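Shared between the two complexes below is chain A, which pairs with chain B and chain C, respectively.
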Partner chain A sequence: MSDLLADDSEWADVVPIRQYENVNPVAPIFYTEEYKDATDYFRAVVKSGETSPRVLKLTEKIIRMNPAHYTAWQHRYKTLVALKSDLEEELRLMDDLAKQFMKTYQVWHHRRLLLTAINSVDAAVLELEFLRDVLDVDTKNYHTWSYRQWILAHFNNETRLWARERAYLEDLLEADVRNNSAWHHRFFVVYASGIRLGDEDREQVRRRELSFAKEKIALAPNNPSAWNYLRGVLEFTKTPFVELASFVEPYTAVQPPSASEEVVDLDNPLPTESAQLPCVAALEFMADAYEKQGGDATAKAVEIWKSLANERDVMRKKYWEYRIRDAL
Partner chain B sequence: MVDLYSPTPTDGYGTPTSALQTATENLIASHILPAGTGLQPELQKRFHFEFLLRNLRQGFPERYVSQDASQPWLIYWTLHGFSIFGAGLDDLTKKRSIETLLALQHPEGGFSGGPGQAAHLLPTYAAVCAFAVVGRPGEGGGWESINRKKLYEFFMSLKQPDGSFLVSHHGEVDVRGVYCLLAVATLLNILTPELLSGVPGFLASCQTYEGGFGNASFPGWAFETGPSNTYDPSAPRPPLGEAHGGYTFCATASWVILRSFIDLYHAPASPPTSISLPPAPRINTGALLRWCAQMQGLPIELGGFKGRTNKLVDGCYSWWVGGCFVLVEALLGVGAHHESPIEETAGEEAGHKAWDDVDDSLFNRKALQEYILLPGQHPAGGLRDKPPKGADAYHTLYCAAGLSAAQHRVVPSEPRKNAIISAWDAEQARAKDDTGLRTTSDAERAQLDALRRETFAHALSWTEEEGTALYVGGAGNRVNATHPLFNLTVTHTELMMAYFYGQTLPPRAAPPHAKK
Partner chain C sequence: MGPTLDIPLHVKYIQSLGENKDDLVYHLTAHLRMNAVYWGLVALCVMGHKDALDRDEMIEYVMSCWDDDVGAFGAHPDHDAHLLSTLCAIQILTIQDALERVDTARVAKYILSLQQPSGVFAGDSFGEVDTRFLCCAVLALSLIGHLHELDVEKTVGYIRRCRNFDGGFGAQEGAESHAAQVFVCVAALAVLDRLDELDEDMLGWWLAERQLPNGGLNGRPEKLEDVCYSFWVLSALSIMNKIPWINDEKLTQFILSAQDLEHGGIADRPGDQPDVFHTNFGVAGLSLLGYPGLEDLDPVYCMPASVIEAKGLRKGWKALPRRASA
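Up next is the complex of A and B:
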């Protein structure tokens, strides 16, 4: 049984269009018969502008063989609209495809077009649920996270959409405190996209976020995601770096404090016994804090940068030396 | 004392990220050359030629059907790959390439991923760059068949109120698209203020708290579209997607290309003008530099680059992040063209020391070369993400370009820029205008001329800095320099731009001090 449209009577009225006419293409791709056949018929359909149910079947066939075929996706969307198809049904049909081809732009953009057209918060709620399933498999999928952020912003519903994000992120960071996509998303939810319902007390939010970042740093200090988040919060809230010096300093020591040594300070969680110190990010932080203070403190920054350049973070020697030049 | 090849510390708190990182370090570290043997990494140019040649002559295997909507890319990666490795192309290959590329030009403007596919910004960049490698003016050269008027109309049809562009009709907004459009518009002389309006603001909105750039930003609160298009500068325009190497390169290169536009059309203007101008958008270049520096891996990862925080090193970021440094340095105003002579010394140790003293690069060039040469080369030809992955056309090009960026320092030269400006023929440039744009006053006309002149002169001022080349493993590993903005050779860039701007470039000055 042939899978080819050339052998399918349903397509007998269409003249397929070969890809290259009178051109001997350089660096050709070795297509399967099936792919060549499908795309030859697709080219004909694009030319004629046909938007019929058989076009839906054809575009689905093509995108299953090549999910990056953006023209097939575009034409599919145009066809769905022309046929006044049930777009929520289309979303469900595409769920498998999204899971299979989650690293492709087009599967996500298609869903975005559908969601925009459906235009309902209910659909957005379901979509966020679906994305959780996808992120379960690939916790850092770039397109999925970017799309999730778009959904939240576009539908902008505090109680039904935004409300559960922070808790979701806390679960993700519980599972992997080094998931930078999750950290980025937190910044998106809490700061970058405006003020959340319940977050109107900005000072309380600042304290909460700093506390969260510090707690995570204490768990595993050599985690650039947590430090970048901390720094991001400080910059965004215009908090001087030096305010966190007492928290950061223990992370610049050559070993963690022994259990009995320090009084427990909930505001400044200490490194655990298994922390590998000194932590490069902590050293960098102190140097930045000194540099921002200026005056006599600059010399202390330079000393730290020198130790980073020559001993602690030699890969970035050129960068640390630039920081020295720039500060002097 | 810290052990140079320490693994990434896990603080006794393992997570999936750290487990994957450790496993990867073990794979990559096995490629570290044992010390004291005198062994040097060797670039297997012949194998890579053969890899590229096979793709060109025999074609791509079936799994490349995933690139069926990226055919110009396959052509550009292969042809420019040849340029970087220093191979010329025969006339028949050039002819066939030109014919193939022309078959990808869309009747309504722009280029598409394949014949009969929709026009799209990314294949447009790839096709125009491929034309730069194989094409020329005159009959059969392909350049005169590029329909710039329709291309300009295609670009304008994709423009969004927030300064971004869709990558194709009904397509997504993406910083890569913006870069591709700007690179092409610069190469082909179709820059206009109406095309560029709002673009700097959009780019700036894509910078994240980490300092790098994400793939887009959310326009909906700041830009209300409807019966009255309103803009609220105080509304949030959050970036979508975390800081990422590919997008960061695209945003940074775009920003450098836009410098002339920003200076001419935003306050404070230079020269000063009575026209009311919008304030110049800004990016945080210090944070950008920091992020780029943070992306270089540890010695145990052989100094390859990652694309995101807490992700793995990958050969292609050798270009996207490694290649970004000179751009960031240019924005910071550091590392400009030296006029003083740089000694070449014989012994490797002494050579490195002397070179170290004058190398203004802000990343570890030596380590990046080692990553590309050691784990980056596939033993059967071609270059790759990391072992044990196979080679592919994309990684072959971007590893080669990254190697080039680590070997050669190509930076803007003020003297060269001034020489080009002095030789600028405004009438010729105007004669080559194909955008159909009408200016309504002499002042507007002058501003437009200045935009083109300044952009042209800046783009062609990028020059390899005398005496700063560094070849890990010796000069036998040398690859050609590539232009940091376009990823084409400087020669190809010059030829294309000189043609489309109607200019004759002044000869390059001889180096001020001869090499000893």
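Up next is the complex of A and C:
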């Protein structure tokens, strides 16, 4: 049973346009028969401007074979609009395709166009749910996260959309504390997209975010995302680095504290016994804190940079030497 | 002492790309065909074998991708025009000294029509927006001599809004910092003489942190190394005159170990299948690192430095000095 449109009576009225109709190709492409057949008929309907149900079937066929065929997506969307199709049904139809081809930009852009046209918070809620399934498969997929950010900002609904983001991110970071996309998204939700409902007390938010970052650093000290987040919060809230010194210092020691040592200080969680110390990011942090203090503290920063250049972070030796020169 | 760069082998690899290939892969990448020709050509130029692909054939191919409906280039004959393929077409024709074949005024009009109210650019009429397209627009306009028609404040304003808390840049406002997006923002700012928008120390450090113990570079924290970041990260650093912040020896070794020394080409990492994309960026990275026997590359445009200099478009970037021997 042939899959070719050339053998399908439904398409008998259309004259397919072969690739290279009037061109002598320099870089010929060798197609499989089915793809060639489908795109030949597609070229014909683009030329005639047809936007009918069979075009929907045809564009679906093409994008399932080649999700990067952006003209097929373009024409599909045009056809959906012309036919006044149920766009939410279209979203559902495209769900498995999105999961399969999540690394293809077109898949996400199509959904963005659909969401924009549907224009309902209900649809946005469902979409955020769907994205959780996608992120389950690839927790760091760049397009998915970027699309999620767009949905939140575009519909901008506190109670139904923004409200559950932080809890979702905490689940993700429970599963993988090194997920940089999740850390970035947290900053986006808390600090880079307006003030969340319930976050009006900015001092409380500052303490909460610093506490969160510290807790995660204690869990896994050699995690650049957590340290970048910590620094980001400090810079954004104009908190002096030195305020975190008593928390950070234990992470610059060569050994974790023994279990018997120290009263438990909830504000300053200590490294666990299994922590890999000294933590390079902690050393970098202390050096920056000393440098910001200036005066006598600068010498302490230089000592740390020397140890980084010569022992702890030799890969970036020339960077640390630059910091030394720059400070002196 | 690891492998050296096997230039003749990679030249043969690039030449073979136009020939009979595995059907499926080849036709599914039609939308990248113009880009592929550009990557192949730049790699050849950097390796000193520009003439390994026929110039006339290449020019005719590029011109066959002209979309006369809108005044720009698609990726393949009868593909709709797109900013990505339009930039590549212009880059190819510039390198081949055949830009006079193009109605550049029409192309400028097409490019400018894709700018959105926010300042970002769409890639085509489908509407996907990304700082990559903003960079394509700026590079293309500058190559065809129409940069003065661009609203610089509007364009720079969007880049500024893409700057994240870690000093990096994403694909759109709010998106995660990613080395490739950092490159496109930095390159665009370089062309527009607006590097003052960068916190160079912070960004330079973030970029230096991409280097992993194996010497390779990743695109964001806790992700895998990939040869293409040898270009994205390195060129951004060279534009800021901070290439020394990367360990050049270890990165060079990493790139060389990703070569396919049997069939030619460079892969994303050692042991994987090579492709022309990674071959180009691997060779480009090596050029910026001063690897001997290669031609100079302009990191802003990812084109031969001599070509960009001849057009008077060279900016103040610094690569590592070319070594006499490996």
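Simple rule for what comes next: the second predicted complex is superposed on the first by the 319 of 328 C-alpha atoms of A that agree within 3 Å, B and C clash if a C-alpha of one lies under 4 Å from a C-alpha of the other, contacts with A are read in each partner's own complex, and residues count from 1 in each chain.
As a convention for this text, a residue touches a chain if its C-beta (ideal position, glycine included) is under 8 Å from a C-beta of that chain, and two chains touch if they have at least 3 such contacts.
All of these numbers come straight from a predicted model, not from anything done at the bench.
> Could you classify chain B and chain C on chain A, in the superposed arrangement, as clash or fit?
With chain A as the common anchor, chain B and chain C collide in the superposed model.
> Which partner, chain B or chain C, is in contact with more residues of chain A?
Comparing chain B with chain C, the partner touching more chain A residues is B.
> Determine, under the contact definition given at the top, whether A:275 touches first (chain B), second (chain C), both, or neither.
first
> Would you check which partner chain A:235 touches, where first means chain B only, second means chain C only, and both and neither mean what they say?
So A:235 meets both chain B and chain C here.
> Determine, under the contact definition given at the top, whether A:306 touches first (chain B), second (chain C), both, or neither.
Once the two structures are laid over each other on A, A:306 reaches no partner at all.
> Give one of first, second, both or neither to describe whether A:54 is in contact with chain B, with chain C, with both, or with none.
A:54: touches no partner chain.
> With the two complexes superposed on chain A, say which partner A:194 touches: chain B (first), chain C (second), both, or neither.
A:194: touches chain B, not chain C.
> First (chain B), second (chain C), both or neither: which does A:140 touch?
both
> Regarding the shared-chain residue A:32, is it in contact with chain B (first), chain C (second), both, or neither?
A:32 contacts both chain B and chain C.
> Could you look at A:64 and tell me whether it touches chain B, chain C, both or neither (first, second, both, neither)?
So A:64 meets neither chain B nor chain C here.
> State the stretch of chain B that overlaps chain C in the combined model; pick it from 1-9, 271-279 or 469-477.
For chain B, the clashing option is 469-477.
> Where on chain A do chain B and chain C both make contact?
Dual-contact residues (chain A): 19-20, 23, 25-27, 29-32, 35, 43, 65-66, 68-71, 74, 77, 105, 109, 113, 140, 142, 145-146, 149-150, 153, 178-181, 184, 187-188, 191-193, 223-225, 228-229, 231-232, 235-236, 315-319, 322.
> For a test of understanding, state which residues of chain C touch chain A in their complex under the given definition.
Those in contact with chain A are residues 18, 20-21, 23-24, 26-33, 37, 57-58, 60-61, 64, 76-80, 82, 124-128, 130, 164-166, 170-172, 174-178, 204-205, 208-209, 211, 213, 220-223, 244-245, 247, 250.
> Under the definition above, what is the set of chain B residues touching chain A in their complex?
1-2, 4, 8-13, 15-18, 55-56, 59-62, 64-71, 74-75, 78, 93, 96-97, 99-100, 103, 112-118, 120, 168-172, 174, 208-210, 214-216, 218, 220-221, 236, 238-244, 289-290, 293-294, 296-299, 303, 308-311, 334, 359, 361-364, 367
> Could you pull out which chain A residues touch chain B in their complex?
Contacts found on chain A: 17, 19-20, 23-32, 35, 39, 42-43, 46-47, 65-71, 74, 77-78, 105, 109, 112-113, 139-140, 142, 145-146, 149-150, 153-154, 156, 175-181, 184, 187-188, 191-194, 219-225, 228-229, 231-232, 235-236, 272-276, 311-312, 314-319, 322.
> Spell out the residues on chain A that touch chain C in their complex, using ranges where they run on.
Residue list for chain A touching chain C: 19-21, 23, 25-27, 29-32, 35, 43, 65-66, 68-71, 73-74, 77, 105-106, 109, 113, 140, 142, 145-146, 149-150, 153, 178-181, 184-185, 187-188, 191-193, 223-225, 228-229, 231-232, 235-236, 315-319, 322.
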